[in-house]
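To start, the structure under review is shown below, and the notes come after it.
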Amino acid sequence: MRIVTRGDYIESLRRMKKRVFIMGQEIENLTDHPLVRPSLDACGMTYELAQKPEHADLMLATSNLTGQKVNRFTHLHQNAGDLVSKVKMQRLLGQTTGCCFQRCVGMDAFNAVDSVTYEMDQKLGTEYHARFRNYLRHVQEENLVVDGAMTDPKGDRQLKPSQQVDPDLFMHMVDRKSDGIVVRGAKLHQTGALNSHEIIVMPTLTLSEDDRDYAVSFAVPVDAPGVLMVYGRQPSDTRKLEGGRLDVGNVEFGGHEAVIILENVFVPWERVFMAGEYAFSGLLVERFAGYHRQSYGGCKTGVGDVLIGAAQLAAQYQGTDKASHIKDKIVEMIHLNETMYACGIACSAEGKPTGSGTYLIDLLLANVCKLNVTRFPYEIARLAQDIAGGLLVTLPSEKDLAHPEVGRYLKKYLHSVDRYSTEDRCQILRLMENLTLGPGAAAYLTESMHGAGSPQAQRIMLARLANLEKKMGLARRLAGIQERPSK
Amino acid sequence: MRIVTRGDYIESLRRMKKRVFIMGQEIENLTDHPLVRPSLDACGMTYELAQKPEHADLMLATSNLTGQKVNRFTHLHQNAGDLVSKVKMQRLLGQTTGCCFQRCVGMDAFNAVDSVTYEMDQKLGTEYHARFRNYLRHVQEENLVVDGAMTDPKGDRQLKPSQQVDPDLFMHMVDRKSDGIVVRGAKLHQTGALNSHEIIVMPTLTLSEDDRDYAVSFAVPVDAPGVLMVYGRQPSDTRKLEGGRLDVGNVEFGGHEAVIILENVFVPWERVFMAGEYAFSGLLVERFAGYHRQSYGGCKTGVGDVLIGAAQLAAQYQGTDKASHIKDKIVEMIHLNETMYACGIACSAEGKPTGSGTYLIDLLLANVCKLNVTRFPYEIARLAQDIAGGLLVTLPSEKDLAHPEVGRYLKKYLHSVDRYSTEDRCQILRLMENLTLGPGAAAYLTESMHGAGSPQAQRIMLARLANLEKKMGLARRLAGIQERPSK
Amino acid sequence: MRIVTRGDYIESLRRMKKRVFIMGQEIENLTDHPLVRPSLDACGMTYELAQKPEHADLMLATSNLTGQKVNRFTHLHQNAGDLVSKVKMQRLLGQTTGCCFQRCVGMDAFNAVDSVTYEMDQKLGTEYHARFRNYLRHVQEENLVVDGAMTDPKGDRQLKPSQQVDPDLFMHMVDRKSDGIVVRGAKLHQTGALNSHEIIVMPTLTLSEDDRDYAVSFAVPVDAPGVLMVYGRQPSDTRKLEGGRLDVGNVEFGGHEAVIILENVFVPWERVFMAGEYAFSGLLVERFAGYHRQSYGGCKTGVGDVLIGAAQLAAQYQGTDKASHIKDKIVEMIHLNETMYACGIACSAEGKPTGSGTYLIDLLLANVCKLNVTRFPYEIARLAQDIAGGLLVTLPSEKDLAHPEVGRYLKKYLHSVDRYSTEDRCQILRLMENLTLGPGAAAYLTESMHGAGSPQAQRIMLARLANLEKKMGLARRLAGIQERPSK
Amino acid sequence: MRIVTRGDYIESLRRMKKRVFIMGQEIENLTDHPLVRPSLDACGMTYELAQKPEHADLMLATSNLTGQKVNRFTHLHQNAGDLVSKVKMQRLLGQTTGCCFQRCVGMDAFNAVDSVTYEMDQKLGTEYHARFRNYLRHVQEENLVVDGAMTDPKGDRQLKPSQQVDPDLFMHMVDRKSDGIVVRGAKLHQTGALNSHEIIVMPTLTLSEDDRDYAVSFAVPVDAPGVLMVYGRQPSDTRKLEGGRLDVGNVEFGGHEAVIILENVFVPWERVFMAGEYAFSGLLVERFAGYHRQSYGGCKTGVGDVLIGAAQLAAQYQGTDKASHIKDKIVEMIHLNETMYACGIACSAEGKPTGSGTYLIDLLLANVCKLNVTRFPYEIARLAQDIAGGLLVTLPSEKDLAHPEVGRYLKKYLHSVDRYSTEDRCQILRLMENLTLGPGAAAYLTESMHGAGSPQAQRIMLARLANLEKKMGLARRLAGIQERPSK
């Protein structure tokens, strides 16, 4: 039954029998768990906004597979306009949730797997592409949330998969059967995994022949036998268990990350999209990472908008918004935020079709985008803390503010500009704490650093894509140097 | 007679009778003057590249006025693709010349004046737009270089035009006649003015009713009676007079800036595009500045490509290109350069039509673009100097290298990696000196700072365009704050 | 009874009857409260290290008041060497505790009040200095921890104290009696207040005659009638209540901040050090802030050492420590950390005596020191997160790692370089989380921003202290400009 | 005859018969050559200021060799106060000359050679230290300027000295005789070499046994047979030949760099301080570089003072000095400048005695100092250009300003705030051009990058000196990790 509303989505998850562990306990009723529900609601906004006419252009697209309107998160980009719309949709959702809404990894996986399976089939005569498109048709029709899972544990970073002491430190096929494959391994840092219907697995790095069994891509439901998931802690996560409203900062939304363990999971062939074609592993990594590096130019700028707005409110509430240095810091935050966005737009607008017809971003600019995202949110957060003042980390708890004796004093002494309420001031500061030092910071900062690859991964791509030879030729010509065998 | 080739262009200028002063002397044969010729050749490349089939897409466009193919530097942008092509054309020319090729100011002026005169006419019932388009048709047909002249001397920055001790410190109408107007004033920092056929003058800031006579826009030939021009010095400019090749760094191209003085110059009405409509002065400034801020995302990244290529060559010539810190610095230069480019592309791809049909860039992103350009070239130049080594500023002169006694020693001791020649090494270092401390640096650094407005001008625009109210609303909603009359 | 050991110190606090609220509850047994005890232990290290012979030079000093060896935290600096030793002691304690050890504010208050009361008495004939030295003799003899309390709530930042809607938003005298004064108000952001024996209050800004009653400085015990304290929340603070060891990151130490409320507290005259002498309020603020800005060059570099060490360990544990980009990031962290330290040392070495004989740091350099501290820890933390990898914010809880079923998988999949244990890897990551996103970050980042005054406060001091006139004279001379009445 | 005054100094040089080439010509009357004289005058200020009573404390010191007052530039530092005074003296001279005054390299060489020869003799039983002290006594008594020459051409940076195609690419002994040695090679980037009486040569890197003959240190007069020097070009250097005053920017002072060639120069044993003791080459490099890295915390901050003063004047002259963003940029320039100074002071105040009694700076902090100097002057220069405005690179020449027709217009249109003269405005802008894009920038920027070693050299030292093991221990302890053989 096709999922339409946020409610449908939550109910669809409630029906699944996943095995999930949170803080040492296996959880039965995951959808109502207070540590998870805010992230479920955030992901749910990808459904809710899709129903709003004013956002239909961004949230929906016409499927090239079915001709139907589908949620853009399940769509294969058909032109550069689609790529641009993707970024704008992500900014909208970042603005709406103030956190990671988790559904991008699936979308980025679909688009990467689509063109790579096409090219693989062209080259090798395999049949992965048709399979994949069948699978995606199902995803579009059901309107599923799919976790695009790339990052393996990796063990000792100096060793290749097959060199590790434990062969499972990278996901691999442990058996090939007539009807499918059996896989074992884990995926770390899986954003929103607990809120997904399915997982689409991809290899995590360029593989050589020795590591052939690690070249594996497939889809499984999250409640397939052998799948376990473990919730990853975030700063101040348990404030969500305290029952209040103020101290959580973001009153409705949040994100989460999880470890996914696949213990001898069986995958039927119709859901297998790579099984040993190691020569295409690097391409798949590069494409998925490329799309996902583009994504950060959208979602994080949306969250940046929230933080900028919060900083401006904090300044107003405290009577500092007219100070020239505060105005200047707000402008700087805007500038950095829009620079990231510009990179997201640029790599999209410069997108080109791949063989399968699916559009690929300009990879050089997508890497530039992400590399900026590993820097600017940190500076934006620093400026936000500058504007917020020290109260960000010295504010007493919601319960103190509500206490009959001491609460009276706190409200008296935390009162600032007279026409604003003390409660509002405290709530904005808690939102800023969330985004710069709390669970929001896990997504806005650390995930900006490492999501879609750590900065060094982007630098390596820049070195590869920048065409230094051409630049050297330009310099030689202007310096009047012959392109001779020198000397 | 329509100008086609670089040669045509130079001959067309030779026929003009401009009054030009260089280092205290009035110059007769300007086109062959060694201080000017490299800039003429740089501007000439806007013709030469337009003849190359491989660059036709970027260099030519189909005029909406005549239906003919015209040089893009004279074109009104008809869609976002035109705006993107503009940036790519500028990068190409920056790569080709390694300096400022000077023709963008005219293009940016045309596009700004076009939409503003249209909107002015709509609002006020004036007839400027038709006049302007007639004028532009002439420019397109003749394929002219036009200096877009905005920056007034401004005198005391704290005073408005009419408050200045000397009323001429901003360009103004001193007489209105039946057949035209008489203007007086000056324009500073006029890039490539000596190489222009015409000047199109615009006001330099938002004007109020008191300054009505300063709200003036018009076109005049550079050899109109009353027009004087004075060459502005650049670092190491006179190396061009020394007769050698090495010490100039850029062996073929260069740029220049000039002061233009208009002493009671008569302008017939058909060349007047604003004459007192002060309420539209700010709009014209904003649009011209916006287009020109976009431009910097193209031209300076082209020059950046040259500098990056030169740095890589220097490293190879010296045997340091394999060092990880050198590779990392090259990547950083690429990253910064492409970030500027991404901003140029993004503001273009997000362009929207104005009332006249001419496309306008996204102004917020264009300002973001330029603000990055006031920073990153400086860091790129710093990194280039890091890679170059101290020889950049301690290398003896070309004449020493050629000296029979001492030249032998210099060639011996400046020899580095054996398969590269010492001469090539020196030439690359001189190119890098040119771009980071020489005449090229005037354009690559200082002009990047102040061209199209100093950074504070961009910051003011960011504050105006960023929609802080919306961002505050986003934050309020996530913090659960009612948009109530607080307290 | 003189406090000697960490145990003595804790017992001395246990005997006090403070009124303290934590998360909505009044706390009886404060010294054993798990949210407070780590901070108590951190402060306790100021006693424990003082007993170690190898640290005696830094931790002890010979009192100019008694000739006895005293804990340096109670000492008046008698020479530049004392100022340098102070910074080194702070670095040692930052290294030892990895957090804020809280006792500096008192030391900085003593030194500021000492010289200001001396100068006040000289000018006004008052007797504050002798009173203060009597008080300090008591502090030295008992070896007390004293909270130096400056920051008022401040209400609307655009209004002076007496202009606020509520006159209590700045601490003020509400009565003057024959035997003392009565004060009302609050102090925010009071580092380590719950661990103090006494509070020494100072005004928070330069006051004018209208605000005479706000010019008040005095000392009170924290258990004086009318004193209330409220614990300020920190990120992830309640992990300390979970009973484990891993998830807290710093297994032994922590910090805290509190709101102190003084509701009509009586202070006898012998403990009053300013009572209306508003003309000296600015000087007291400037001196206290100056000393405290120096402090940050010590303590935060000590914490920085811990974070750098943790990053290097994390890299070793993960097998990335040999990568050139990792080594380069470690070097950058060191460089930034030592730059802050250098500023702390420099302002100390350049210290000069005040009228009372107590040495004052070079104020310009102390402000430079602190301004760097508002920037560099953020960049160090960003680099640390870069090195740590995403696991920093996706690691499951200690309880998951200990779970019989899922813990086995987690230990398997989080295993990295074979010769290091998974537990150690996780513990180092949790320490890094603590310092960059947890309670440690409240101190290492946000307190670095706002402690001893927000960055704008330092900028204002730089503008005031930098002697621009002299610099202009230098430039004029080299440009050959006469210092004439121009024109 | 002991040199006392600036005049004595210039006369002493006039008497020498050096072989010097400038722009392809051998120069007879070097001391009056307009390209050299400004640097001679700058170096001459090390004599002139030493005669001023108000500067005696900084400029003079009591020699430990003779007990006489000597110029500090010839002094061996006897305590940390001497090291601090050195930095202050350098800042004073930077402020006075606005350029490189060139005499530090000798001072830094003396101090490095002194302690290294002492330790060499202790270890190897050689007699270099007494020889060196005899030599230095002569330098002190005559008050000579000595060029400390370290940087070899280095050829291919991947090869060791003896691996180079040309063995002369590093300075080496080509003969050992009974009465002395014969050396061949060159030294590049020799600051102020043309103004020196003597050269003291040191090896340029750590050498191994294969390169024994390259481990050579000695002193020779600059007019010894076989010594040739070639002037290195600087940006805009030939403006000094134009005869005016405005366009040179710095009207009195300048710097220069030169290539020194030693073609089979004989050095008698009493002037040889190392001859094959390769094991001490690294130590000598490290010490000289350390002292010289300290130096940059003095001289460049002095030049920074000039540039800050010039920027403030430019702002006043143009009426922008009241703008908050301008004030903020001035503060930022001050902050960066004082941070470098603080590092210079700190590494000095933390100086410790070496075996010979000569004090050595704290090497870690000296490297931190220099690494900041490779960054901050570039940012200060960028901010200065921001404040200056575009006129910095578009101002017509002095001759245009003096031209009867066009000069009148230029003076009219370049007039700004009424009470300041246009000439003064132009002169300040030319000084700023000099320092950010002209010959001053060669010293203020590029030399700040590469002098005393390029940034990577400092980074390597930081990695070596930072005691990472200790930091790892701190982190382990706080994370509760046993320093066990892990696993």
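A few remarks follow.
In this document, chain identifiers A, B, C and D correspond to the written order of the chains, with residue numbering beginning at 1 in each.
We adopt the following convention: contacts are C-beta pairs under 8 Å (C-beta built on N, C-alpha and C of every residue); 3 or more make two chains touch, one makes a residue touch a chain.
Everything numeric in this text was worked out from a predicted model, so none of it was measured.
Chain centres here are C-alpha means, and the one lying farthest from chain A is D. When the C-beta pairs in contact are tallied for B-C and for C-D, the bigger tally goes to C-D.
Remark: chain C and chain D have CA centroids separated by 39 Å (rounded to whole angstrom).
Taking the mean of the C-alpha atoms as each chain's centre, chain B and chain C sit 51 Å apart.
The centroid of the Cα atoms in chain B and the matching centroid in chain D are 37 Å apart.
Counting only residues that touch two or more partner chains, chain C has 325, 328, 418, 459.
Chain B contributes residues 21-26, 151, 153-159, 165-166, 168-169, 186, 188-189, 228, 230-239, 242, 247, 257-259, 261, 263, 318-320, 322-323, 325, 374-375, 378-379, 382, 385-386, 389-400, 402-403, 406, 409-410, 412-418, 433, 437-438, 441-442, 445-447, 449-451, 454-456, 459 to its touches with chain D in the complex. For chain B in complex with chain C, the touching residues are 324-325, 328. Contact residues on chain B toward chain A in their complex (touch as defined above): 84, 95-98, 245, 249-253, 305-310, 312-313, 327-328, 330-331, 334-335, 338-339, 341-343, 345-350, 364-365, 368-369, 371-372, 418-421, 424, 427-428, 430-431, 459, 462-463, 466, 468, 470-476, 478-481, 485-487.
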